[in-house]
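Okay, so chain A shows up in both of these, paired with chain B first and chain C after.
Right after this comes the complex of A and B.
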């Protein structure tokens, strides 16, 4: 379905674009039909950048993204418009995803105007209603309202319903529940699982490990734009190898462990002179296994369907 | 509901009331004025430098032209310059600002350079040169020249606002809905800055009137017809003040000042209307 091959994104920074910031570096991963891939990472790890590159909202600096064996960076005009029939996204902040000037259901009207302009009004209405019902909403309650009159959860589900109006194969879910109340989170998560069972591939971008565990088949742990560890969810969560993954897992508050105990494990980080970090592992300055021998690591196979850059345990 | 709310605050706002009142008053004078006077603006209709009287409500000029008639017809030139010159400046500013802000990259660099160039050109000098080369100058051609020079600040402000709106997620959503750039600008971005665009238009309207008055005053006004600036120029040229013809020298300048101040009043009033934080409770 979706394949990323050595994708790199470099942002130019500074007054004259002299500085360079590698938001994503040499990322390769693939998504299969009917599977959820979670991309997990902290702020600035480049996880949203990956999602936006797949959605063609930002350009790719190096590497390529193939969707159904087609290089998406070459899409333009009409073919790009057709591309969005199959690939759609939902973003983090439901309140800024809607144009505050208009009613929320305008997102449906746009889809109709752009893709289904020859469909009869009645038939279209039925299509919208069935799409709304499939995301568990009552059409009368949400149609004809302004974004501020709806809750975050409703708005996010409206956006998913919008994506479903087209024949989407791939859904990029960029932190879609991080701004929702705990009570509405589960609804949206379960909706995603429903969609997955219907054959959608979902890229679930999150900073929350437990959400990643709950929903995904495959997990990619991103650190400063590079993959630190990836593999099938069970393998990564039950047998974490990269020190960063282990640190993340320890940072999750647990019911059976006092926080002081977890904190002790986290405190062990060594002080390392930040001299030649260029040729080092990106986690070098935070890693408590860091050693002189640490170079620039490559992704290696640990077991079937489980890869990491750091072989150390 | 939202529109009514704006209208409600607009009509309740004192500055808006005063500003709009003054502008509408002069607009009405412009409309009904010609039917109140029996003279032509440049016709030698009475005794020279007569004081205001029943026949000549605002007196006559050095040559016996009726001052009131001149003002009534001059107002027409003023409003045309404001509408055409200010409208054109706003339009160019919008197009340049939207394209530069939305497209970014090289296009932005080029348009930004153009904006900067027009900004640093001494406007008055350029106006003088262009106006001096035109053999025949009408009110409309004057407005077009003014419009072509006054747009940069609107372009800059619109560009900046477009920049910040462009990165909002609803624009990404519109792009994912297959909307073209043009549609996104017109349907998604512009409605979000409608209040600002309205204010820009008002400021450009006032600015164009002032620019036209300046040109007229230094003798580069319309070669035919009459305008308020032209009246001021004639008044100075024929020593109206030393001769004590205050009814000729004062009204045109005062009317221009009144209209432009009223427009600025409306602008600050609109600020309060569109920005709830500034509203007086």
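Right after this comes the complex of A and C.
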């Protein structure tokens, strides 16, 4: 379905674009049909950048992204527009996605104007309604309403319905439930699972490990733009190898167990010059097992369907 | 009793009427206690913490009493509250990262802040150094502008500033919500440390995330649509919640180790009621799975067992 091969993204920074920031470095991963892949990382780990590159909202600096065996990195104009019939994205903030002046269902009209301009009004209405039903909403309750009349969960589901109008194969879900309340976020999560069961591939980008565990078949743990560990969800969560993954898992606040008085120092990274880590593991400065011998690590297989850059422990 | 809140009513004045954001809320906070306050957006939890610090229009004080160390707070009098602000009651705001003045170096900002409270900077300078060390900040941050600090560093700087005068009551409003899990843990533990070292007497930790309260809070207060619906010690409320809302809220949380294929979580149907002229009776009744006739009357927050108060007719009924 979707394959990333050695993808790298470099942002230009500074006033005249003189500085360079490697947001994503040499990332390879693949998504299969009907599976949920979670990309988990802290802020600045490059997780959203990966989603945006697949959506072609930003360019790809190096490497290639294959969607249905076609390289999409060079798509332009018409072919790029056609590409959006197979891949769509939903983003974090449902409240600012809508124009408050217009009714919320205007997002559907825009799709019609761009992609289904020859469809009859009646048939279009049926299509919208069936799409709304597939995300578990009653069309009469949400059509003809202004954004402020709908809840965050409803707005977010409307956006998913909008993406589904295109008969997409791949959905990029970038932190789509982090702005929703606890009581409604589960409904959106469950909706994603239903869609997945119907064959949709979902890239679920999140910083929340428990959500990632709940929903995904496969997880990718990102740290500073590189993959630290990836594998089938159960394998990574029950047998975490990389020190970063282990640290993340012990930091998650849980309802069934208290944070132990862990010996681990959990302060965030001090900003250090990127150069000094040039040929080191990216986690070197925070790692408790860091040793002089830590070089630039490569992703290695630890067991079937489980890879990590740090073979330690 | 360090803090006692009695029948507090804070409404918002709008053109269409009054929004009853905090309605008849009563509870106590003991000395040396961390009280967690949890609820969904719009439940009044931020309104509560803001009202104690900066009660200004459209926020309106409608009645009730808040006592701090035996003194009644003049909440309705904006000027008189100045005596208490920052010295006795301090707030770490929701967007602590943006709470710093971007045009001032941190040190100068602190000096100005202290001057406005009539405290001399040089007297407190030593203590400030000690506090900065406590949160792992270098003294050099005093000479930096806020944009030179990372999000976590700014958060810690604000924590130091907010607690500099050893307030009796510290209100922490959603301070961990925008942070990564590892930073979140560090910040939460620091707050506990502040309490343990007696830098703050009591602490109200406002959040929507119950699992973080489980880690640090002594007692938890659950708010729903402007009302306090349940108060109990943390362990009790997470293990044996009584109010239907608390139960549904806790069961809807995904935890590490819960997968959809094993246990499919369920959300709560519907959405919280509008607080502009809310319907009479229990405010949760429209979404409640165990609603019955009595719910059309407002349930009182009643003690059902030791230290455990619930506002639900089902539970109150059990005890007569």
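Simple rule for what comes next: the second predicted complex is superposed on the first by the 293 of 313 C-alpha atoms of A that agree within 3 Å, B and C clash if a C-alpha of one lies under 4 Å from a C-alpha of the other, contacts with A are read in each partner's own complex, and residues count from 1 in each chain.
Following the convention adopted for this analysis, a contact is a pair of C-beta atoms (placed from the backbone, for glycine too) under 8 Å apart; a residue touches a chain by one contact, two chains touch by 3 or more.
Please read all numbers here as calculations on a predicted model, not as lab measurements.
Q: Based on the superposed arrangement around chain A, label chain B with chain C as either clash or fit.
A: Aligned on chain A, chain C fits beside chain B.
Q: In the superposed arrangement, does A:62 touch chain B (first), chain C (second), both or neither?
A: In the superposed model, A:62 contacts neither chain B nor chain C.
Q: In the overlay, answer first, second, both or neither for which of chain B and chain C A:99 touches.
A: First partner only.
Q: Taking CA centres, what is the chain B/chain A/chain C angle in steps of 10 degrees?
A: Result: 80 degrees at the vertex chain A.
Q: Could you tell me if A:209 is touching chain B, chain C, both of them or neither one (first, second, both, neither)?
A: A:209: touches chain C, not chain B.
Q: Least CA distance chain B-chain C after superposition, rounded to whole Å?
A: Here the least C-alpha separation of chain B and chain C stands at 11 Å.
Q: Is there a shared patch on chain A that both chain B and chain C touch, and which residues make it up?
A: Chain A residues touching both partners: none found.
Q: Under the definition above, what is the set of chain C residues touching chain A in their complex?
A: 40-41, 136, 150-152, 180-186, 188-189, 208-212, 214-215, 238, 248-250, 252-260, 264-268, 271
Q: Could you pull out which chain A residues touch chain C in their complex?
A: Interface residues on the chain A side: 42-43, 151, 153, 181-187, 189-190, 193, 207-211, 213-215, 233, 237, 247-249, 251-256, 258-259, 266-268, 271.
Q: Going by the contact rule at the top, pick out the chain B residues touching chain A in the complex.
A: For chain B paired with chain A, touching residues are 168-170, 172-179, 188, 191-192, 194.
Q: What part of chain A is in contact with chain B in the complex they form?
A: 52, 55, 57, 80-81, 84, 88-89, 91-93, 96-102, 107, 110-111, 114-115, 159
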